[in-house]
Amino acid sequence: MDMSLFLVQLLNGVQYGLLLFLIASGLTLVFGVMGILNLAHGSMYMIGAYLVYYFASATDSFLLAVIIACVIAMIIGIIIERFLIIHLYNRDHLDQVLLTVGLIFIFNAAQSFIWGNDPLGVEVPELLSSSIQLTDIVEYPVYRLFLSVLCIGIALAMYYVINNTKLGMMIRAGESNREMVENLGVDISKLFTIVFAVGVTLSALAGIVSAPIVSLVPGMGERVLISCFVVVVIGGMGSIKGAFVAALLVGIVDTFASVLLPGMSSMTIYLLMALILIFKPQGLFKS
Amino acid sequence: MSECVLQAENLSKHWGGLKALHEFNIKFYDKSLHSIVGPNGAGKSTLLNILCGTYPATKGVILYKGNNVTGLKSYQFCRKGIGRSFQKTNIFKASTCLENCCIAAQQRVGGSFNLFKSRQSSQFIKQIASDALAQVGLSGRADTVASAISYGEQRQLEIAMVLATDPQVLLLDEPMAGMGHEESLTIIELLKQLKQRYCIVLVEHDMDAVFELSDLMTVMVDGQHLITDVVDNIRANPLVQEAYLGNDDEVF
Amino acid sequence: MSVFSTKAEKVFILAFFFIALGVPLFFNENTFYVNKISTMLILSIFVMSLDYLVGKTGLISLGHAMFYGLGGYLFAIMVPEYEEVNFWIYTFYVMAASSVIALIVGLIVLRTSGIYMIMITLALAQMTFYFFADSTEYGGLDGLFIYLKPETSIFGLNFLDLDNETHFYYLCLLSLFNCYVFFKITLQSRFGRVIDAVKENPERATALGYNIFHFRLVAYVLSSSLAAYAGYLFSLQYGFVNPTMMSWEVSASALVMAILGGLGTVFGAILGVFVYESLHYGIEHMTQYWMFWMGSLIIVMVLTLKSGIAGLVEKLVTGKRK
């Protein structure tokens, strides 16, 4: 592999990793604070992508579509938390699995009802549709760079919020000791609603911004969900820092595996996970 | 005095920077009751948990009948003959009292990987279990579901389960916690019986009970060994009184 | 002590096997229904094996379909092409091979528990899915075909013809019955006693001297090899295997069926399969968006029905004395 190709793959790997981080951070945040494993997390990724497809063609503005899709995703999150997830606190893991599997079924049916089963695509917004020249022959699309920058920006924002704001303080406290938070007099139900809505919106956002570089197909949510599990298992459930490191690791390994080991590329990250689990059953960064 | 069955040498447990147990030396003798007292947070439970393998020690050695057992898994401690009871009632609540003891007895009898032999078939297991229930005075409750008996009886059952594993050492973590006076008396009588046959290590807050039962007492403070002696000497020791002075909740 | 744990179980099991024996006579000419019900019997074995793991051992797996699929693949890979092999010998091969795989997977998966185990079982099942889906050697997404069904002679006696739908139906019924009896026996056994203890209170079981890891591992291998057996039967029925058999949807719906029937009741698995599959076919018949209604049903079930249909049956049988 020559240097420029290596660089392109590295950029792709980092970009994919950052996108995975966006999704995984939502999943791990919801688990860390609320103790809920949301299997329908990947469905929100899918819903985000389809929403932006719909509104981009309806409004002719990608930016506007992104905003509308985010708002809708957040509203869906609030509705799910208020009406369904709220019954799951203090129930066992199995009930969480079932209810969220039920949600996946509903989301998949909705997707197929509204948009059908044929693959769809979203155009890259004009402003970001150019490419930059890496070497004489190799160029790299600006949109992918933009994605990486955006994800890093969101990661930094999350870091700031968690470490410097009152909401962040509650989240950190919730991760270490849920009862303590309640004793502190925090309105726990409001905190849970916010965290859940933000969590699913992060996933939807990942779907929204990656819509122009992937094709929208049924089942895209589940694929992402499972990659996301690998990230969270490697990083340590409930640890956002762990999710960040693991997401980059998974993104880069997966990208290079598809170039270097074409026969078994889709297995590589699972092998990586199994390997890490043998030595660190609780993940790299147990919180 | 009878032979020493369990011994700890330079036992330490550090949780990060916190020294829950530091350079602890102690010997426990057969057929006697040795209680461990000290203010809250002195490391009594930590000591007990290390002695039965729940956590590994950071440093130090545990000797059981002269053999080094440090680093064994917690289930192996029970098999060697070091049984424990828990501070919070820890029984199989959905099963009958007899079944609770049968689970314990079967471990000692073996055949637990037998997929086809009915669990009811062994009279031997049932016999051990009934004997254990009889020892703690719960024979009348054999067929009652464990969640339906009183709290005091659950504590007795807890001890019966340990007995059914045929231990030589009993590590009892506050067997009288949360009990009324009457119930405590039952346990005290029980322990008086048991200490004639087993080496008992008792962690307990009820000082009347401790003074009445103990052959030897150890006082520990801040994870360190303060003194080990017979009861009368402990009571008179100025160091001990000093150690307890800061704690209003526990006075001799 | 009675063979049956509850009155509902007794009524259900007796009625079920009695009716099931007569099904091929009832549908005399119509092999479509006999085949459909054969599939449900096979699925019942699979769901029962999952119930043993989740409901009895307390280990939640969201990747059990991995073994279901492996059962079919192991057979398709091991069997020499265009050669008629013996059913019983290959049953042994398939179960032995899947036990070995389950042992290795169990060694990894059982290092964790709870939410981790849910995610890891799912991830490993996906890994196996992609392994077969991406492989050219094993037919990719199309899978492998089984050209010749095995013959079933024992000591020269041949009384079962797997190409005959009715014969195959009775093989499935017999397998399900054996599977049920096997699980009932192991649950009553000394091993079952420890499994109960490990499920209810692992900490205490350890303190009593049991190495809970070993017991969980044995239960995992038992459950997985029976799941593989079910997958093997399925592949024989349809003459092919493909990766879809081990997709996450299969694992998830098996879990739904186990819970629908009443987790940890063993017989509930049969109940769950027949109710779920009937609903599935019924709704699918009416609308192509059956997933919407199934999803809604699952959610309503989680929020209202705590002990599954088995709990409802128990209430009906014992009367509403409350």
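Order of writing sets the labels: A, B and C. Residues in every chain begin at 1.
Assume contacts are C-beta pairs under 8 Å (C-beta built on N, C-alpha and C of every residue); 3 or more make two chains touch, one makes a residue touch a chain.
Bear in mind the structure is a predicted one, so any value in this text is a computation, not a measurement.
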Leading chain pair when contacts are tallied as C-beta pairs: A-C
Look at all chain centres (mean of CA atoms) and spot the one farthest from the centre of chain A. B
Approximately how many whole Å separate the CA-defined centres of chain A and chain C? 33
How big is the gap, in whole Å, between where the Cα atoms of chain B centre and where those of chain C centre? 44
Using the average of all C-alpha atoms in each chain as its centre, how far is it in Å between chain A and chain B? 49
Within their complex, state which residues of chain A touch chain C. 31, 37, 84, 87, 93-95, 97-99, 101-106, 108-110, 112-113, 222, 226, 229-230, 232-233, 237, 263-267, 270-271, 273-274, 277-278, 281-282
Looking at the complex, which residues from chain C come into contact with chain A? 54, 60, 62, 108, 111-112, 114-116, 118-120, 122-124, 126-127, 130-131, 133-135, 248, 252, 255-256, 259, 263, 288-292, 294-299, 301-303
Touching residues (chain side chain C, partner chain B) in the complex: 1, 185-186, 188-194, 196-197, 200-201, 203-212, 214-215, 218, 222
How about chain B: which of its residues touch chain C in the complex? 52, 54, 73-76, 78-79, 83-84, 86, 90-95, 99, 102-104, 106-108, 111-120, 122, 161, 165
